[in-house]
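Once you've had a glance at the structure underneath, I'll fire off some questions.
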Amino acid sequence: MSAPLLSVTGLHKHFGGIAATDGLSLEIADGEFHALIGPNGAGKTTLIAQLSGLLLPDAGSIRFAGRDITDWPAAARAHAGLARSFQLTSVFNDFTCLDNVALAVQAHAGHSFRLWAPARDDPALREPARRVLDEVGLGERADVLAGNLAHGEQRQLEIAMALATSPRLLLLDEPTAGMGGADSERMTAYLQSLRGRCSMLLVEHDMDAVFALADRITVLVYGRAVASGTAQEIRANAEVRQAYLGEDD
Amino acid sequence: MDWVLLIEQCLNGFQLGVLLFLIAAGLTLTFGIMDFVNLAHGSLYMLGAFFCATLTLWTDSFLLGVLLGLPAVLAAGMLIEVTTLRTLYQRHHLDHVLATFGLILFFNELVQVIWPLDGLRVPFPPAFDGSVPLILGIEYSAFRLLIIVVGLAVAAGLWFLVARTRIGMLVRAGAANPAMVSALGVNIRLLFTFVFGLGAALAGLAGMLVLPILGANSGMGEQIIILAFVVVVVGGIGSIRGAFIAALVTGLIDTLGRSFLDVLLLAFLPTNAAEAAGPALSSMLIYIFMVVVLFLRPQGLFPPGR
Amino acid sequence: MSALLPASPRAWFAAVVLALCAAMPVIAGAIDEPYYMDIFARMMIWAIAAVSLNLILGYGGMISFGHALYLGLGGYTVGICSYYGIDSALVQWPLALVIAALVALAFGAISLRTRGVYFIMITMALAQMVYFLAVSAEEYGSDDGLVIYTRSELGGGFDLNEPLHLYYTIFGCLLLALYFTRRLVASRFGMVIRGVQSNETRMETLGFATLRYRLAAFVIAGVMCAAAGVLSANVEKFVSPDALHWTRSGELIFMVVLGGMGSLFGPVAGALAFWLLAEVLSRFTEHWHLVFGPFLLLVILFARSGIDGLFGTRDDAG
């Protein structure tokens, strides 16, 4: 059994008196699509923040691709192959879609101390960016300012930016948040097509998406993993159904 | 070791610290609660001095000058807040800074138009015009002692207000979570105006306390405002306790530094270098201190818990 | 040929203003008011300083309240060199730029770890620290300032004592500053700086170690501003601690905002407008700050996008 791609052990994070993450352990194998579900306030976004490096845990460790990244800054983790999309859309509103994705490409195209040549004319940045935009379905909207996109399109842009960095592990925080039925399905179908290209940790409330995509699911309640297993196992787990899935029906 | 000088300078340092606290308290409150950067706070300090000076010369009583001047500064502060600054709370800090910068220019010019060009002076109030004997045969200026006493009393009063009264609780809550306080039905605009007015009154009081010593002059605000900012930042934005401690420390460092740094330097450097470096370093000392503190604790010494 | 003609109202405006600057010596000569050449020379120097500040403030979102410091550094380098008999520009000018770079590197390293209000204050305080250093330097004039008896010697037929040479050197530097900024802003580096202003968290998450880029921008801006300081010392033949005071930095920020933050030509328009307004107002009354102060306030309240904003939203950032 090869070493897991991501291994979280005993993660703790407190805010004042509240334990947002309370001894959480989790493993994701290489190539696996893993979903994280749980009621609001369970600490899902806090976990993503600690994984992506925007928040440092109080205790515990995070290993990624064989290295201990617990203390690493966000930028270093991105270079190790970790990419993240945000629950609340976080793009560059004053830049076009193409600029947005090109920036993501640029982040992994060496250093950016190039002070002279115009970035917009650089095929090394534009080509890959266009490809990702086309894939995600935003090809037509490449020259629209990100701030002017419809909500669903912005969610697509979020994914595009994360993908453009050619990650090994995609951390997706509610990618279908705020999306209507048809858009959600399209997004889910697209995420399915990523199988084999990268691994995924998906935080989602949309159960259809979760069961369509996830190989394994972890249920998070009050900062702890209360159940972890395959989609079948979780679906069959009576406690989980009652505590969480039951409410959601 | 000249103990007399040391003790005197420590007292002077406390005096400066207490004045800085009065100014910094208002500043840190407006930062902490309204997230508003008020560069023109020094103008309120200046207005306090001018109001008090005019009233003192008019009534022939410094006490009356202060008692009548305080409501005047309070009113001025609240007027400014309501008419011009209120709309800026939602904006970026840059807008606060620039708008209040415009106010500084305006007020500096206004006092030159309304009052004589080279400012006003008032004599020391007769009751405090002299010195008080202290330990070791030291005679210390009675008025400066008054400043220290008044400053500490105000600090205590402020602590009581913030820690023990309902208004103070609202102020603290507003500092931690203005949206929540507003949602609870508190008239947040009134609260903000009150906080701003309180800060203005404190700054104005500082101006009044300094009046017999320095006089009232256009531009006096700019000289003190940077030190006040240093105090706020070192103490932790939004923290009155932090402002108090930082103010005292700042006052002491600045005063003792100016008095004793050249002595200290002479112990290590040749005379020429010490004499050249002394004045330069002593005025820079407080900024070096700020840099060191912020390097070690970027949020200041006592940032209020959020 | 059509590629050379200004493409938009914005571009026309910039072209007209620059043409006016280029032609001013001729115009001033024609109407026999050499004083105008002086005014424009000073305004262009402020424009260069504003262009440098716009780089970090307008494009980078870094509210530095200590930028005037670099004007002072540039000026004092020229002044102090001249004091010791070193008049060659080949020594003075590179030295000024190096000193500015080192100071910007040190101060930037300290300040850029802070955010928001802390950043504003720490930049203000650091600049004030240097102000006090200048004031306490008895040797170099202290409060009264330092008189510079000889302008920098450029050699090669350029004589800065010739008004035309000096004027066009300044004009040339302004054009250089604008061109350099234009390329910088459109480059990969520029995109990073602009991205950081737009959404710093996202930049970090994408993989940009933003501190080093912001620091580099800070240094570049400081160096450019020092160049303006060098020119200023040559025009005024004088430098004083006032150049370093935080209120000077405030004026610079104003010029950038007045012209329109994050626009290429904005800072130039802002510097010119600021100066023109100050000149005009001060002719009416010595108490012109009474009008100027509220004017600044009104601009912030109602005309926030500045002069550039008058041309409508930009179709592409910059």
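Note that the chains take the letters A, B and C in the order they are written out, and that residue 1 is the start of every chain.
The working rule: a residue touches a chain if its C-beta (ideal position, glycine included) is under 8 Å from a C-beta of that chain, and two chains touch if they have at least 3 such contacts.
Quick caveat, the model's predicted, so the values are computed rather than measured.
*Asks:* Need the most distant chain from chain B, centre defined as the mean of C-alpha atoms.
*Replies:* Using the mean of the C-alpha atoms as each chain's centre, the farthest one from chain B is A.
*Asks:* Give the identifier of the chain nearest to the protein's overall CA centre, each chain being represented by its own CA mean.
*Replies:* C
*Asks:* As a test of whether you follow the contact definition, which chain pair has the most C-beta contact pairs?
*Replies:* B-C
*Asks:* Calculate how many whole Å lie between the centre of chain B and the centre of chain C, each centre taken as the average of the chain's C-alpha atoms.
*Replies:* 32
*Asks:* Any idea how many Å lie between the Cα centroids of chain A and chain C?
*Replies:* For chain A versus chain C, the centre distance works out to 43 Å.
*Asks:* List the centre-to-centre spacing of chain A and chain B in whole Å, with centres computed as mean CA coordinates.
*Replies:* So the centre of chain A lies 49 Å away from the centre of chain B.
*Asks:* Which chain B residues touch at least two other chains?
*Replies:* none
*Asks:* Flag every residue of chain C that touches chain B in the complex, lowest number first.
*Replies:* So the residues of chain C touching chain B come out as 57, 63, 65, 110, 113-114, 116-118, 120-122, 124-126, 128-129, 132-133, 135-139, 246-247, 250, 253-254, 257, 287-290, 292-297, 300-301, 304.
*Asks:* With touch defined as at the start, can you tell me which chain A residues reach chain C in the complex?
*Replies:* 52-54, 73-76, 78-79, 83-84, 86, 90-96, 99, 102-104, 106-108, 112-120, 122, 125, 161, 165
*Asks:* Inside the complex, what are the residues of chain B that reach chain C?
*Replies:* Counting only chain B, the residues touching chain C are 31, 37, 39, 84, 87-88, 93-95, 97-99, 101-110, 112-113, 222, 226, 229-230, 232-233, 237, 276, 279-280, 283-284, 287-288, 290-291, 294-295, 298-299.
*Asks:* Please give the residue numbers of chain C that touch chain A in the complex, ascending.
*Replies:* Residues 183-184, 186-192, 194-195, 198-199, 201-210, 213, 216, 316-317.
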